[in-house]
């Protein structure tokens, strides 16, 4: 539905700082867990690993570094070329995917939900018409909610490469395994992208025995023949044994996929419609195709839940100041699927020299991914130490732990970020400006807490008239109280 | 209510594999916790310890082995001879008990609920008529829900030994202690059955001081005299000091217990009534006796909650195929007490050579206990490795971690199992057959994900027309799509 | 609202037993976590650290000792002299504050809630009238609920020193950091009171760089100038750089604070009004002042939530026996703010030689703080060992883990305690007296479980006719069943 600006993350290459100690990580692990958030120093993180596939590549951030351990998350980024299909997989924890660039279709499999999409009758087919579960369109700026254990696939049917950033909340109570992120592929023989960060080297031998590495690979062919009623040759393909090992998790579909999906609307790069219209659109769309559907109880609930929500290209942001920028947040209140995930996300866009005032997250860790441009950021911990002070650039990630204070100042004209948060209804406290904590304090409490004159206390409460976003200085500052 | 088939677990005796390293377990503990689910190899577990009592015995599985640590559970099995009473105890985590064999009565004490059962006036008694809380009947196939900290006792009033398998979910958020399962006995001086797996040897001295070992033992007699208003001799009995140390947790009641309990219905070994009828029966039963009751607000809620639910002998299974077998699941939707526990269970019965198709639990660990017969089972992890491949026999337990794929093929005519799950509304995804994940995928996605021809993809979706349970091969396989 | 009895905790001084091993604590940490509740021995804990401030002092208990680790809590106690202001701060976990002595005002900042309190127009002020969020009165016996991350301040406007005991539940799921309690101060340059218990010494260098130590200290002055629109001099004060390092977390307000707060009602030391009346009072008060208020949706919910609840001076206790004492519990049912915190508290008062019968908490850890007097206490674990047996005195704290049995006998005429519990709807099971577990058991089950004669079993059920609190022996004991 959207044409994409050519955004690009700086990829690979980083071997410094926090990524160099992968070998030592496990020896320090038990230690890390006890004090996992005693962070003397935060870093801007780049992906430290990249796995090439036939149709694209997947980059991963090391989940064993202390800030990622503190936040209890794992991060990866997937790039799909035209006609590339990311093979279906599921994950042991809830997951949010942000579409940084491109558009296409995706599917999620809810076991037990009906197959409501029907492919058109093909002349050459004998009789069996294909039916499958709902297929969704996605576009730039979409947030996709993938519940724990639900199989997901996606496909790029446009020329622009699709770039999708995916956050896994391994520390979620929905993950009943340990903190390691795990991808369970339904197909192929590629390496699970987080497997390299795992502890043990003992698995290597088995790897030699089982060539493929999807969840069918491990079963004996006899089991699969009976379970599926197919012949040995088909089973070998299911197990990923007949294929080129280089194909990987993202395969190229020659000639393109022709899966039934709702039509793509023609639109400008910055769509005018409101998110509500999109919902209407989704509803009418499903009604349009709805003649095929036989709705029942289950279908009305999880089976027809909205699984995507645009925050990056919406025309109704939550904070907006034309000189400073805008912020849009998706919580479980506007995107109910997030209630299942207990996660949320925020998209922000800042003009040059505009600021995000110092603020903190009351009830969530925040994983800030820079999509475009660069900004100065500072993070402060509970002992008043500045644990991060630096420029965050396109493709870099900063983890801001719960309650740590953070501020940012854009260094480029179009600084954009997405911040994933580990709570479905995150709360933020601002430390400056209208509606800030300081504004809510009695003037006298400010005066005596900070050892100020009454007039200074009043200035602190009143001088910054802006909410959260502060325009560049020349325009906004030095207003004294009348 | 039911007569029992003579099921028997193979008990004791196992010293191999995963049970041999009890001494090393603690040194490795911190390591285990960090990567507790990085399981290169699963095992069929047998109980490794058995404690004899006057009226029966209790067997335990070592909760410090890696798979049990991963699932966050502890397992034990209790066998009661005729007229044996398991003394009351409570546990630091929610617990499900499955009655593998036999029938009898049980009680649970909800502090603050009224005593609604009244014993008949006895001629020799002076005046005080005994009142107590509800007493329940249980029979083979029952699942009993025991909330955290709630005291429980049971009694076998039949000739057939009662065999009860008990799962404790130590990793539950309701357990605010550490992961060690703890029994708190109200009576006796027996060893707490999981005490041997505990870390410290320092407690030995105290053990010498305090002869008994129930929760009264540790108080000074003066405290108990004042608290209960009884003499020193009675206090000694409360503390377990006057009794034979060999009695243990299960005592024999000479002449049998004559506690007021609802009458047992005459019935066949496989009862015909539906579970709903049972509920009706329970309701009418309580109404029948209801003249003694003075209902109030509290009583209507937790005090009268149904605490047992039959899954092993029900005539309304959730999956049923006469050639293959049947599966019955108890979740918080049909057995609301499980909502408190956040646990559930599944009973399955398979005919020879019938299969459970490859499937996985989206949101739960599964603890599979074989009740009868034997089956080939295979488990596959996220890297496609087969981490278990073997025959599981009567009395053996296999832990299938969340998201790991598992399949089974019965090797005997009446393979029966109970699978405890660590979620009150578990979700399962099947990887073959009707309503499987593959069925929900568009044919083209299958085709390109598995590198198959269109026809093969269609076969994968359509060749197995069965849900979950697949009949023996000759009957079901090799059906090609017309 | 209340005049205070001169209660005083015994402070400082303890260097024995469980507080001596601060250095070793971290080496043992990973070990502790695995078996954190395998407590062979409990101790009476005193604060082991005291930080002096201009207007008072803060004492802390070492949160790294095993019992505190087991309960997942941290404890501190703050004493405010007349006209002392505790500077605003927030904490990384939910917190309950019990007012042991004194009265005053407090504020909590809910980001996004309106400023509904308006200071009267001052003649010398130019135009800007001060508005701020709600300010609350507190008095002795109040329990104050502080949600995770919400900024809190308090002020003593009376002569009697305010003594406030504060429990932080670091093990709460609302704390997404590690188990270390963290105070984030908005003002001043004092040491965070739990910082000393933290692991790392590496932060020392940074401390030299940043003089102040509040959350503004760590930001560069340029950031704060833009964010607040104030000059460098004011910024320095915000960062705590211009002030005497000795002022600390509690500052003295010369001449006193004149913040708008509802008027204090004249009353006796033991107020006659019911808690419900207090609520009415609160409502009418807000209506009285309500002409300034512009109510909206948000305001009606969290913004106007009741944040204090009196348990220490209420005239409607939950258990009451004039010879024995009284017990009052605040749960989320009577104090809904506790639903957010998932915590609760109990206040108890016992006469000399009265007893709390042996009992246990089904679903919570309990942190017992002695406010006045002394009592003999005994705690028993699951192996029947007495892990605590001693006199608990004013100012001492005993941690009673979930399911451990505990009993107490007052040694002074006015033994008073507050017990913080780590569940918002705690359940207790008593082991003696009316409504105890023994009372709910059938007499025959008691008889055979404890190896008693029928008559003795009847005595156990009936001899103590009291609920929970047992009066001194001469009055209550030796009643035989008629």
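Letters A, B and C name the chains as they come in the text, with residue numbers starting at 1 for each one.
Here is the rule we use: contacts are C-beta pairs under 8 Å (C-beta built on N, C-alpha and C of every residue); 3 or more make two chains touch, one makes a residue touch a chain.
Just so we're clear, the structure is a prediction, and the values are computed from it rather than from any experiment.
Under half of the residue numbers at the interface between copies chain A and chain C are found on both sides, making the touching surfaces mostly different. The best fit of Cα atoms from chain B onto chain C calls for a rotation angle of 120°, in steps of 5.
A separation of 39 Å divides the Cα centre of chain A from that of chain C.
Shared interface positions of chain B, i.e. residues touching 2 or more other chains, are given as 30, 33, 173.
Of all residues in chain A, those touching chain B in their complex are 26, 29-30, 33, 85, 87-88, 90, 92, 107, 109-113, 115, 117, 119, 126-128, 130, 132-133, 135, 147-151, 153, 155, 173-180, 182-189, 191-192, 195, 198-200, 202-203, 206-207, 210, 212-220, 223-230, 234, 237-238, 240, 242-243, 247, 251, 253, 257-260. Residues of chain A touching chain C in their complex: 30-31, 33-38, 40, 70-72, 171, 173, 355, 357-358, 360-365, 378-387, 389, 401-403, 405, 407, 409, 422-423, 427-433, 435-445, 448-452, 456, 458-464, 470, 473, 476-479, 481-482.
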